[in-house]
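See the structures that follow.
One chain, chain A, links the two complexes that follow: it is found with chain B in the first and with chain C in the second.
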Partner chain A sequence: MLLFMIIMSTGVLLVPGLTAEKSHQSAWIAIGFTSLFGFLCLWTVLTLGKQFPLYTLQEYITLILGKPLGKAIGGIYIVFFLMANIITVREFSEFVTTTAMPATSGLVFDTIIVLIGAYAASKGIEVIARAAQFVLPLFVFSLLFLFICLLPVSQFGRLQPFLEGGIQPVIWGAIPPFPVYGEVIVLAILLPHLNKPKEAKRKGAMALLSAAIFLTTGMMITLMIYGPYLTGDLLFPFWYLSRYIEYGTYLQRIEGIISLLWAAGIFIKVAVYQYVVCYMIAKILELKKHKIVIYLMALILIPSAAFLFSNTAELREFVAWYWPILGIIFQLGLPLILLLIALIRKNQGWTYS
Partner chain B sequence: MLQNLLKKVLSSKKKNNSEKITPQSKEIKPLSENYDINLQTLKQAFVLCSDVFFREFIINANTPIRSFIVYVKGLTNHDLMSNSLLKTVMQEVSNIPSVMHLSKTNAQQIIQERLINVAEVSTTTDLTELIDKVLEGNTVLILDGSATALIAGLQGGEGRAIEEPSSEPGIRGPKDGFVENLDINISLIRHRIKTIQLKTETFKTGRLTKTKLAVCYIKGIANDKVVQEVKQRIGKIKIDSVLSGNHIEELIMDEGFSLFPLVQYTERPDKAAASLLEGRVVIMVDNSPMPLIVPVTFISLLQAAEDYYNNAIFASLIRLLRFIALNIALLLPAVTVAIFSFHQDLLPTSLLSTVAGARQGLPLPIVLEILMIEFAFELLREAGVRLPKTIGQAISTVGGLVIGQAAVNAGLVSPISVIVVATTAIASFTIPNYAAGTALRILRFILIIAAGLLGGMGIISILMFILFHLCSLRSFGIPYLSPIAPLTPRDLKDTMVRVPWWAMIMRPWMFNGSEPVRQDVDHGPMKPDDSE
Partner chain C sequence: MIKKYRIIPFFLVFLIFLFTGCGSKEVESLAVVTLVGVDYTNENGKDLYTVSSTILNPLNQKKEGEQSTDKNGQEKVLIGKGRTMEEAVINFTANSSRVPFYGQTSAFILGERMAEEKASEGAEAGIRYGENRPKIFMMVTKGKAVDILQSEPTTDKLLSKELKDLAMNKALTNGFSCGIFLCDFTAWLESPDRDAVATLVNMVPSEEPDSSQQNLVQGLAIFRNDKLVGWLNKEETMGYLLLTQKINRGQIPITVIKDHKEFSYYLGTSKSKIQPVVNGNKISYRIDIKTMGAITESAVLDLNAENIKELESLIEDTLQNLTMRTVNKAKEFNSDFLGLTEKLHRTNLSAWQTLGPEWRKAFCQAEVEVVVDAKIVQTGNIAGKLNIRTK
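Coming up: the complex of A and B.
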């Protein structure tokens, strides 16, 4: 469930537009296609988890690669997660400033979300998960509501011609959503915390599948309403969808409510990331308490989220090209290599002490 | 962080005072066999206590035995004392057959076994215990030549009669309410639950007040871990005075600082009994008409005893209404502020023009306006609580009618803000739990300010903060938001809705006792036999 929240919360923001920009009317195929990548990540993470039950990513990296290399890679992972967090925070403040509060500086929202995330992270993952339980139904409901309200006005013809430019634009379009699905990697850290680790496989797959279905449907509907070219130009296509709803004089202008619900989702995601990063830092430095780290990290997060990207265009560029590359390396590549090494060593009869 | 700081401050204080706080030495001071010495020591002990009385008299045996009783005036049942204690030892002593040779050596035993017709009699040889017993309202009899004192439980004195609970009135349920007397309160529970499984363990806390506490639970139904935890926490209490349940509440709470009540109060015995039957623990404090119920969940604060006495469908709808009222009480002013000052575009056009017209020419921005009226309302509320009932009427007239009406007519505030605040106030009165209501009041102000600063995002930020906070709370180990998070679908039947009794087969799982089944079979509606 948490996983679904993590994927969806930012999945509904920037990414659809980017995909549509690349692959036009086939964008929905692209976005669905990428979910396969997510399943691959999930499989890798879970298999690794099975090899090292009770250990988190941080710990088994060291076990597999030895202490110096393991710590180094672990450190890079921390930077990666920190980066993911920064992007999430920035996407949030961009989303808010563009859609609801154009006059306010994004820095304000960065600060708020990071501080509240820090509070949640200091309470531990269990608390975050429970909070997610509250937000999830609202989130799902908001999306379903959106889709149902828009079905009557969508025009199926806009999805045609099917696969106009061949398979190539689909592949290009499939790149931006890579890291979105790849976020299952957090499971590598959270796995030992789950109270029913055995269900992780089923639940994780369910989360991925439903996220994929929602994103694909959302993409289709956006395309059917705004058409392939306009969608590509929109910054937050799903959100513009909600502006389109208008039934009578009363059921209109609901985008405010919907954007608040989505914001709640991002709060959860940021909290999870902060927890993960702090947990890893505490593990790598072998600190007993990770609470001090949380507030220190908040101090780093706020300015970097605000000033790392000078404007929305830069953020969009980054999320479209550089981030997926990093995503492929860290979310899929490294775990796969780790798994490979672990399996080979296991065959050679290594035991980890 | 604040907590750590506080702890440090407290601990540094403790070091300075540690010598003063050390409890009285527990060494046993035995009574003497000498009558005069006993009398002198006790008079010395009770010096300047004008409510403690000594009555010396002589028991008419072959050799007269000097003796005295000591009691506290207002705490004793005087009729009983004269009839069952004094009359017997002074007059009916002659009924003792002379073969028994009443004398100094056996007097104490004979009196205890054959004379005093008081149900509750015990003995002690310890002076400190004796003094404690006297102060609890017992009458103590000391005989010459005996180092053992007889303690007769003749407590009495004035107390409030059982009345209808004033803070939680109901229409269909029972009308009795808890009073200040602990024994009567326990009996009110025992009236309802007649099983040996209902345990009432008493403790004593407060170095000076020596307040009696009773921990009540139903063995088997309550979770043993919770019961242990409660007893342990009560045992850990080291404080000089316990005057109300609130002292205990703040000392045994899981979280030092939280707006939300982690302990529930009730004035209704039926509610306390129902809580016991759900597997919760009731802590009764002497001199407090409001026992504490632990563990508490957020949902239980929204349940009123009345829900269980009404038609299930109606009760469910009322709960839904109350839930909506909760949201209104918390959010309505803040949402109004956010919409008017940041998101005017969210209003439908027709409504927008009405609103804009009404707000024309007003001096204050909507945030300050609503804050002002809310503040005025809080003032009225506080004034209404503090004042005697007769003047309270005047307050509501002056406050509600005069000020409200005049402020609108004078063009200081818009009627819309008055409507909003009034609706909020009415909604907040539907919350059955007073402590939860106060939490809402504080949060409402925070939310209004946040909405004034950042609009909808301000609201959602504070709400997320509250959500994270609520999720992190635990009351005696039970997550505060259960059964919703963590989700236990089985327990949902008594949260937002209230299913009929025939469907409540299982007790709430969250309190997790060893006897989860409430009733054996699924009753269903009963119909006459078809055989006819």
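Coming up: the complex of A and C.
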């Protein structure tokens, strides 16, 4: 559930527009196709977890690469997760200021979501997971409602021609959603916290598959309503899709409710990332409790989210190009290298201490 | 004690959605915009935009429960001019203490010159501004948009509601025109393979005794790229509707002539299918149209089974003529607003790719065959013909 919420909560915001901008009518293939990389990430993380069952990512990095290098890369991972949270918080404030309250400073929304996330993180991962149990059905309902209302007015012809321009546009379009699916990397921290670690494989795959189905369906319907070119120009295509719902005068203007449910989903994601970052910092500094750093991290997170990107265009460009590169390195590249080294050493008969 | 405060974070989340924001947009201070008109002129080489809008008149709103039949003064027109559209918008709100709210806008109306030269700017502004909804109707008028906004509604209390209802339901049902949404219009402007149309609204002399002029939603405005290039009259518009639209609950009388006598085919439903045919380098299109309708007024015809077959053939010829007039008009304007090339692009990619930027030329040269299958499915309460004595 947590994994699904982490992927979907920001997957429905900027990414669909970025994918459609590059892939046009093939965007639904691109966004579905990228989930394969998500499965690869999941497999890597779970296999590493199997090799080091009781350890988190930063702990087995130290075991595999030695203390100095391991600590350094562990530290870089903290920055990576912090950056992921900064982007999530900023996407949330951009979403609210663009769609609902344009005259309010984004800093207000950054502060609110970070403080709520910090409060949830201070209560621990179980509390966040319980909150996700409550939010998930509402979040899924909002998407299903959106799809059901718009399917009758969709024009299937707008998905044609199939694969125009070959596979190249699909590959370009697959770049922005990569870090969205790659967020399964948080499992590398959360795996030792699971009470049923054996189910991680099945449930992780289910979460990824469900997210892929929802994102692909959403992308298809958006393309069928707005066409490939307008969809690619929209900042938040899925939200703009919700504004299309108008059945007479009795069912319309439901985007407010949908935004509220999506905001609840983003809150879960922010809380998880805050927990993960603070937990990792506590481990690296060998602190007994991670709660001490939570509100200190909030003080870093709020101004970073508010001022790291000076406008929406900068954020969009970063999410489109630079963040996927970092995603490929930290969500797939480094874990694969770690796994390779671990397996080679295992074959050579190494034992970790 | 601490437990009491646990509710605060969740309360904060809900507060976000209850805040009005920092824009002072309290409900009682809003100027609810219902129509927006944009006109453009170029004076001494400098752009000049005139943005007009109708707002719900706060001075003339009745209290709850009060009935009003007064249609004058329910909406107030505000007009502003500026070197950019944004400047014009700010200027039209300058003399109002209220904050404009565009979430209830029914239609964007572009003046003729605006549509000829700056249609893309109008569409872009409509999509970009957050309060506008995607299903705002896009309309064009011959002359100035401000004249339309200053006119009075004929049968409704609000001009905006009258225009919206005409565009949404009546125009297509009666075969006068069809409502085009802002999002569809913009998607067409962006599309590499088809041209756009917009609903045409005009002021015409009124047949009502208490008003001199009335608005008429009839016809379509034709675009090539992002420029207005011409208009479709009533018959050509009917051809467009038959070629491109799915008509479900139509009440469209089509005049047909048999033995020098006119009768009406009451068209109820219609659907069409476009098929590109590629033969070597030659591209042609076959359009199949299926209609169903009734004959409800026919004092001159005996509607027996044999005659009905003959009448159906006549109706098919009439509808084919109507549609071919529209096809020829599209070729004359060099504008593929019928979506034929779009269909070719979608179904035969290699043929589309060979056309390249010359696709409009290929469209003009393509042969178009329209095949109509018209059915008379009802003849009202009378089986054959009333035998009325004339002598």
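Convention: the second predicted complex is superposed on the first by the 353 of 353 C-alpha atoms of A that agree within 3 Å, B and C clash if a C-alpha of one lies under 4 Å from a C-alpha of the other, contacts with A are read in each partner's own complex, and residues count from 1 in each chain.
One rule holds in what follows: a residue touches a chain if its C-beta (ideal position, glycine included) is under 8 Å from a C-beta of that chain, and two chains touch if they have at least 3 such contacts.
Please read these numbers as outputs of a predicted model, since none were measured by experiment.
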Query: Of the partners chain B and chain C, which touch A:G227 in the superposed model: first, second, both, neither?
result: second
Query: Between chain B (first) and chain C (second), which, if any, makes contact with A:F147: first, second, both or neither?
result: neither
Message: Touch test for A:F39: chain B only (first), chain C only (second), both, or neither?
response: neither
Which superposed partner A:I128 touches (first chain B, second chain C, both, neither): first
Message: Looking at A:F318, would you say it contacts chain B, chain C, both, or neither? Reply first, second, both or neither.
response: neither
Task: Would you check which partner chain A:Y240 touches, where first means chain B only, second means chain C only, and both and neither mean what they say?
output: second
Message: I'd like to know which partner A:T98 touches here: chain B for first, chain C for second, both or neither.
response: second
- request: State which residues of chain A lie in both footprints, the one left by chain B and the one left by chain C.
  value: 96, 100-101, 104, 109, 112, 116, 119-120, 253, 256, 259-260, 263-264, 267
Message: Which stretch or stretches of chain C touch chain A in the complex?
response: 9-10, 12-13, 16-17, 19-23, 25, 103, 127, 130, 133-135, 183, 186-187, 190-192, 343, 345-347, 349, 352
Statement: chain B residues touching chain A in their complex are 342-343, 345-350, 454-457, 459-461, 463-465, 467-469, 471-472, 479, 481, 484-487
- line: Note: in the complex, chain A contacts chain B through residues 96, 100-101, 104, 108-109, 112-113, 116, 119-120, 123-124, 127-128, 130-131, 133-135, 249-250, 252-253, 256, 259-260, 263-264, 267, 271
Query: Contact residues on chain A for chain C in the complex?
result: 96, 98-105, 109, 112, 115-116, 119-120, 157, 160-161, 164, 225-227, 229-230, 233, 240, 243-244, 246, 253, 256, 259-260, 263-264, 267
